[in-house]
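Pasting the structures in now, so scroll down.
Note that chain A is present in both complexes that follow, paired respectively with chain B and with chain C.
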Partner chain A sequence: MIVAERKPIDEILGFLSKHQKIMLLGCGGCVTVCLAGGEKEVGILGSELAMARAKEGRPLEVVQRTIERQCDFEYFEGIRHEVKDVDAILSLACGIGIQTVAEAFPDKVVWPGVNTKFLGVNQNVGVWAERCQACGQCVLDKTGGICPVARCSKSIFNGPCGGSQHGKCEVSADTDCAWALIHDRLTRLGQVDSMREILPVKDWSHSRDGGPRKLVREDLTLESGK
Partner chain B sequence: MKAGSNLERMLEAGHFAVTGEIGPPKSWDGAVVQHHAKMMKGYCESYNLTDNQTAIVRLSSIAAGKLLLDAECEPNIQIVCRDRNRIAMQSDVLGAAALGIKNILALSGDHQKFGNHPYSKNVYDVDSIQLIQMLDGMRKGYFQSGEQMKGEPPKIYIGCAANPFADPFEFRVTRLEKKADAGADFCQTQCLLDMERFERWMELVRARGLHKRIKILAGITPLKSVKAAKYMRDYVAGMMVSDDIIQRLEKAEDIKAEGVQLAIEQIEYLKKMEGVAGVHIMAIAWEEIVPEIVKRAGLYPRPEV
Partner chain C sequence: MSNGKDFQPKIVAFCCENSGWLAAEAAARLELGYPEKVELIKLPCSGKIDVLYFMKAMEKVDGVMILACQKENCKFLKGNERAKSRVLQTQRLLKEIGIEEDRVTIQYLAANMGNKFVEIVQNMYDKVRELGPNPGKVIK
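Let's look at the complex of A and B:
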């Protein structure tokens, strides 16, 4: 899932300083699962904001809404009539959701309420870890299902580098060395010999380096055109 | 001969080679580089010039290489994968060749987290093994993209690093093999402060015949203090310092003299070890000690090749 973390309240209050009425918009997708911007977080942040502004003597009216997903245009229809009456929208969705809100409401100010962190997994209560960087050309088939792009601090393809010790990465004793994990897993699977092969230079054009990416699937576009 | 550098000639002639290392300064004061080169001149075949070592901005290794050439010393340019993409790296290789630089050493590079710009972006467009492949391709006349180069290809003697002290232990030998497969001609090891582990590693290297495919120079660092030794043992990722070394230093009256003695004994020992083609002496901020070590280890004068 996409993992996000709510921005500090002071930063958010700074965004909203000139507004009297906002919509605080949660998302029922990833940010609900990672407890950053679902209905519950909307409720908590909504009262915090109202309280802080009441204390300043400049009340803020907060309309709280949470929709199914903010990364899909269809779900905005239900709130369109209410958006008309607010000064701005504070979105607690990931960066994709926030941008979709801005696109759906071109005349409305939209503020980001979270920092979108990474594509990752929930490891433990309150702990998430990065797993994928959407490089566009997956190499997990060669690396025992462990991603060197996202999980090696240097995104190298022929690790581990000389900084790997006791299974940890040179950047920190809390960070597993991805290539040590790959090595151990391939050993367990009886495939460690495959690490003798030199993985070739990556074609980064499938990643962000090729410019903003877009996916068009003609099988679907043609079908919908019928 | 691939590039005909001093280092290559010495190793190809089968002499026990000696390389040194110079860390370019955090300023544009090129005289510092030349000063260090002059201290070691005649004692080493060539001198590594680090590329923004530990991710701290320093005078560029290629510019430092040119300063060395001017001082009639042979440079080994280090190139790390952290700061440049394949376009910039290949451009630098051509530039280095145009200046007369023949030895290039490919490294991953330390992560920028511990340098003086921890907020920077890192590149790692290619990794160190892929960089070796790229250098090998360039000396055969091809850019990484496969496009053919115009004119003579650059002459490069390709170096790399090997770290017998990192993990997983057995894989360290495989990784050296990958570097040899990629086209590396010589490797310099991480500084050797645990002889037992190094010997075990060399056994595996010999078992695969790797020493016949790539020249291995063992890393030597004379220790100056117990504190430095313990720091390396405890805080530098991928380093090991054996207890006997720490104990010897602790017992010594003159720790620096003991550190030098230890380095000399290591070299004497390595000279007899099958598959070790030479030593790489890293005495950063203690360059003036290199002549003494080389002399007392019986490696001076250097053979003419």
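Let's look at the complex of A and C:
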């Protein structure tokens, strides 16, 4: 899931300082699961914004809506008639959703309400950890299902490095050494000998080095483009 | 900060049905009075309370409280602990927009504590009266 965190309230209030009526738009996807921008967070932030502005004597009308997903254009049709009447949209979606809102409503000011952090997993209540860097060329088949790109601080392909001590990374005592995890997991699977294979230098052209990426599946595309 | 003798704060008291609500009924049986602008809302457990409920209530009133079972006496084991953490989170949210965090509180009592119920409610009423009207009230 995409993990996000709500922006500081002062930053958000700064965005909205000149508006009298906004739409606070939540997303039913990843940010609902990571408790940053779903229906409940929309309600809480909506109250907070309305109270903060009431306290200043400059009321802010907050239209609260949450749609299925903000990363698909089709879900905006249900709110289009309401968007006409607001000064701006404050989106609690991830960076993808916020950009999609801006594209769907080109004449409307769109503000981000969250900081998009990483692609990760929910480890415990209130704890998330990064698991994937979307590098475009998965190597999990060679590393026992543990990603050295996202989980090794150096993203090295033949570890561990000299900074690995007692299963922890030199960057932080709270960070597991990905290569220690890979070693332990391959040992458990009886495949530790596969670590003798030297993995080649990673081809980063599949990642951001090739510029913004686009995926086109011709088996799915329609002539109309929609 | 005092805001005049005529200010009568509105307060919402969310009550666990196993303690706060029964204590309110006990107070009624004892014919004990408390300020009339205190609205009681029954919950199946204090753990049902949510930051969202507190915030929505605070849009309309001057103070909110949750009346929960005594510590380590929750029928659902950790409901009162969860309620406490939600009170703390709500206090953080109010503080960051400059609203006094004392307007939200949690108090613990048992079902037979009618006198204690009245004391808690009266203390909260007096405290909020001293604080004055909620400056962030959206719905007057």
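Convention: the second predicted complex is superposed on the first by the 221 of 226 C-alpha atoms of A that agree within 3 Å, B and C clash if a C-alpha of one lies under 4 Å from a C-alpha of the other, contacts with A are read in each partner's own complex, and residues count from 1 in each chain.
We adopt the following convention: a residue touches a chain if its C-beta (ideal position, glycine included) is under 8 Å from a C-beta of that chain, and two chains touch if they have at least 3 such contacts.
Just so it is clear, the structure is predicted and the values come from calculations on it, not from any experiment.
Enquirer: Looking at chain A, which partner touches more of its residues: chain C or chain B?
Expert: Touching more of chain A: B.
Enquirer: Taking the superposition on A as described, I'd like to know which of chain B and chain C A:50 touches: first, second, both or neither.
Expert: In the superposed model, A:50 contacts chain C only, not chain B.
Enquirer: Of the two partner chains, chain B (first) and chain C (second), which one does A:40 touch, if any: first, second, both, or neither?
Expert: Touch status of A:40: second partner only.
Enquirer: Between chain B and chain C, whom does A:59 touch in the aligned arrangement: first, second, both, or neither?
Expert: Once the two structures are laid over each other on A, A:59 reaches chain C alone.
Enquirer: Of the two partner chains, chain B (first) and chain C (second), which one does A:9 touch, if any: first, second, both, or neither?
Expert: A:9: touches chain C, not chain B.
Enquirer: By the touch definition at the top of the document, which applies to A:198: first (chain B), second (chain C), both, or neither?
Expert: It touches chain B, and chain C stays clear.
Enquirer: Which chain C residues qualify as touching chain A in the complex?
Expert: Touching chain A: residues 50-52, 55-56, 58-59, 93-94, 96-99, 135-138 of chain C.
Enquirer: Can you list the residues on chain A that touch chain B in the complex?
Expert: Touch residues, chain A against chain B: 153-172, 177, 180, 183-184, 192, 195-196, 198, 200-202, 204.
Enquirer: Show which residues of chain A lie in contact with chain C when the two form their complex.
Expert: Within the complex, chain A touches chain C at residues 8-10, 40, 43-44, 47-48, 50-52, 54-55, 59.
Enquirer: Within their complex, state which residues of chain B touch chain A.
Expert: So the residues of chain B touching chain A come out as 81-82, 86, 108-111, 113, 122, 124-130, 133-134, 144, 161-163, 165-168, 171, 174-175, 177-178, 181-182, 190, 237-238.
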